[in-house]
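Below are two complexes that have subunit A in common, paired first with subunit B and then with subunit C.
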Partner chain A sequence: MAKMKIYSCLFFYIFLFSPYVSFSQKENNSSLSFNHPSYPAEAFSEYLQDSIKVDKQVKSSALFILFKFNSKSEISEFKLSGEMTSKITDDLKNAILKSAPFWITSFPDNVYKWVVLPVFLENPTSTLATKTKFDGNAFFSKMEIQFEWLRMNVGSNLTDVYFSAPFSSKNQF
Partner chain B sequence: MANTAIKVLIIFIITSCSIKTVAQENPKNEFLFNGCDKGEFYEYFSHNLKVWGNRPTFNLFVFKLTGNGKITEMRHFGGMEKTDAEQVMNFIKQSENCWNLPSDPKLFKWIVLPFISGKGNANSHIGPDFKSTTIQAFSALNNLTSYGIYSGEFYVTDLVWYIDPRIKLD
Partner chain C sequence: MENTVIKTFTTSLFIMLGLTFCNGQSVKENMFFFEDPINKNNEFNGFFSYRFDRDYNSDQSITLIMFKVYNDGHIDSIKNWGDLDKNVESEVYKIIMQSEPCWKFGLNSSSFKFVIFPFFNGSPSKLTPQKANSLYRSVYEQLALIRQYVGPDFSNIYLSYPKKASYIIVEE
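Let's look at the complex of A and B:
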């Protein structure tokens, strides 16, 4: 009888505590994903490219856009690592805000994630001989500056970020 | 017999308590680079790796770090030539002992290492251009979802950056 009681206690203990151990491991896998019914999984940049028309006169630039998600899919911050015209900045910001319902979050209330959107814009007329040519060296140096900016804003060891595919000037007026 | 059962129960309680405590330890340091006596991540590379490639390139090296310290499933995206990229990947492989590991060896993490290597002129028309290969590298990173590897689960290391002093920066 005593033996049965001890075994009951043992099984009770196993059932009581094993979920805690499993939960602690699951907790590390907090995730964020973009899931729009009209696009394949994680096609956030395609969604943006279909939402925005880029002016042909846009200034060539390479930068990161950073925005923050909480567990309720609310966007709380919007930062740019470089300069863009106000129109393309506003258009991108509006499209990003409208994307909020299509993000799926699975992390605790007090946790958030940063989304990093690389943006590459090029003025197609700039390749003409009479215009300023695309400067590969300047573009090259910009990438280092962008990563330094990212590090200053989000810190080292970017474990809470979602790296989106890049937005580039696909659709132009 | 009852004494044996009690001993088993006590051992189980002690063991499971210690497992639970380890699992609740701050997970922030798990899978992070621990320096290997070289401090910052990029210092470890800049002190040991001398790969320039033959043109300025942006690259992303992606690999799986398992809970038992093994680096597997390495991939390269970006403009660096295959032979140079293989040298970098061999060096990444050599860093296996330089990462903080979790208590559970079954856990793993996908690591992304951004790597800019610069030699020569980025405006040169020899080889693929810097901009298109950079865009392709970021796109390829996101396309890993088709392999069940999701962007939100990455640990992105600091940038490793080499630059030839002959390249004039603004």
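Let's look at the complex of A and C:
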């Protein structure tokens, strides 16, 4: 009789809590990382710096790029918070697509991750005669819009977000 | 004896169904969110703007303010890597502390969350070319430093809408 009660209690607790233990483990096992043999871990912006050449006269200032990853390391939904020339957009997009094999994903098939890449292309101190003068007020107002755009696109809880170090053209700062 | 087993089984089944329901709820309510008791439609930036008037005396600045909210309701570790005027900074930090009761954790949320609050401030007329350059550089550096501080995984971050200061319509 006493044995039966012990078995009943054991059954009760195992039956009751096992699904929740596995549920909480599943929640913590979702990650994305950039691992390229020639770069330090997570050095995605450095990889991009070496992959594309930015024209010194570039007009675009600062913006966010968003792209989506699935569990098979496939990249989709490339979004920009502002405008860039089509040449730089294409170059960056190609470099990002080529980076796919160097991303390590560990999340279930129905989950995806957003990568946020802040991009700073302009050199505000440039003295090139042909270059349009950097407009600080316009930059200020545009950045308000960019952060609002980012919040609208990724939401408030950044549960599925990988945030990259900002990208700038080489030796810009 | 059979009765004991049946009773145990039935009880555990009912409790499990109850927990399953709660668990379903917690997946839905897994979010960390801001709730202003006075105006339910307010996000954090609205709560903040209501208490902070536009500051015409300072230089234009973009500051990414970061703070830590715990699930027992308290806030600490308020920091920023910008060049915010000290008086403005203390005013901003004071309002952030006032928001303590408004942060709500979902049933399955972690024990704390970091909030990133983009704070735009100052008067456009004060922006000289030199200051414009340092503003550009400052935003880059702040993003780099936040990334360095948090790492690439932003799963524990709440991103607030920005507190805006500009009402100029920018034409591309």
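Assume the second predicted complex is superposed on the first by the 134 of 173 C-alpha atoms of A that agree within 3 Å, B and C clash if a C-alpha of one lies under 4 Å from a C-alpha of the other, contacts with A are read in each partner's own complex, and residues count from 1 in each chain.
Convention: a contact is a pair of C-beta atoms (placed from the backbone, for glycine too) under 8 Å apart; a residue touches a chain by one contact, two chains touch by 3 or more.
These figures come from a predicted structure and were not determined experimentally.
Of the two partner chains, subunit C is the only one touched by A:S61; subunit B is not. In the superposition on chain A, contact of A:M143 is made with both subunit B and subunit C.
In the superposition on chain A, contact of A:E83 is made with subunit C only, not with subunit B. Of the two partner chains placed by superposition, A:D91 touches none, neither subunit B nor subunit C. With both structures placed on the common chain, the touch criterion links A:S31 to subunit B and to subunit C. Shared contact residues on subunit A (touching subunit B in one structure, subunit C in the other): 9, 20, 27, 30-33, 42, 62, 118, 120, 122, 133-141, 143-144, 147-148, 151, 156-159, 161-166, 168.
Against subunit A, the residues of subunit B that register as touching in their complex are 1-2, 5-6, 8-9, 12-13, 16, 19-20, 23-24, 27-28, 30, 32, 41, 56, 58, 104, 107, 112, 114, 116, 118, 121-124, 129-131, 134-135, 138-139, 141-143, 145, 150-159, 161, 163, 167-170.
Against subunit C, in their complex, subunit A makes its touches with residues 1, 4-5, 8-9, 11-12, 15-16, 19-20, 23, 27, 30-34, 42, 61-62, 83, 116, 118, 120, 122, 124-125, 133-145, 147-148, 150-151, 154-166, 168, 173. Contact residues of subunit C toward subunit A in the complex are 1, 4-5, 8-9, 11-12, 15-16, 19-20, 23, 31-34, 60, 62, 108, 118, 120, 124, 127, 129, 131-133, 135-137, 139-141, 143-144, 146-148, 150-155, 157-162, 164-166, 168, 170, 172. Residues of subunit A touching subunit B in their complex: 2-3, 6-7, 9-10, 13-14, 17-18, 20-21, 24-25, 27-33, 41-42, 45, 62, 113, 118, 120, 122, 133-141, 143-144, 147-148, 151, 156-159, 161-166, 168.
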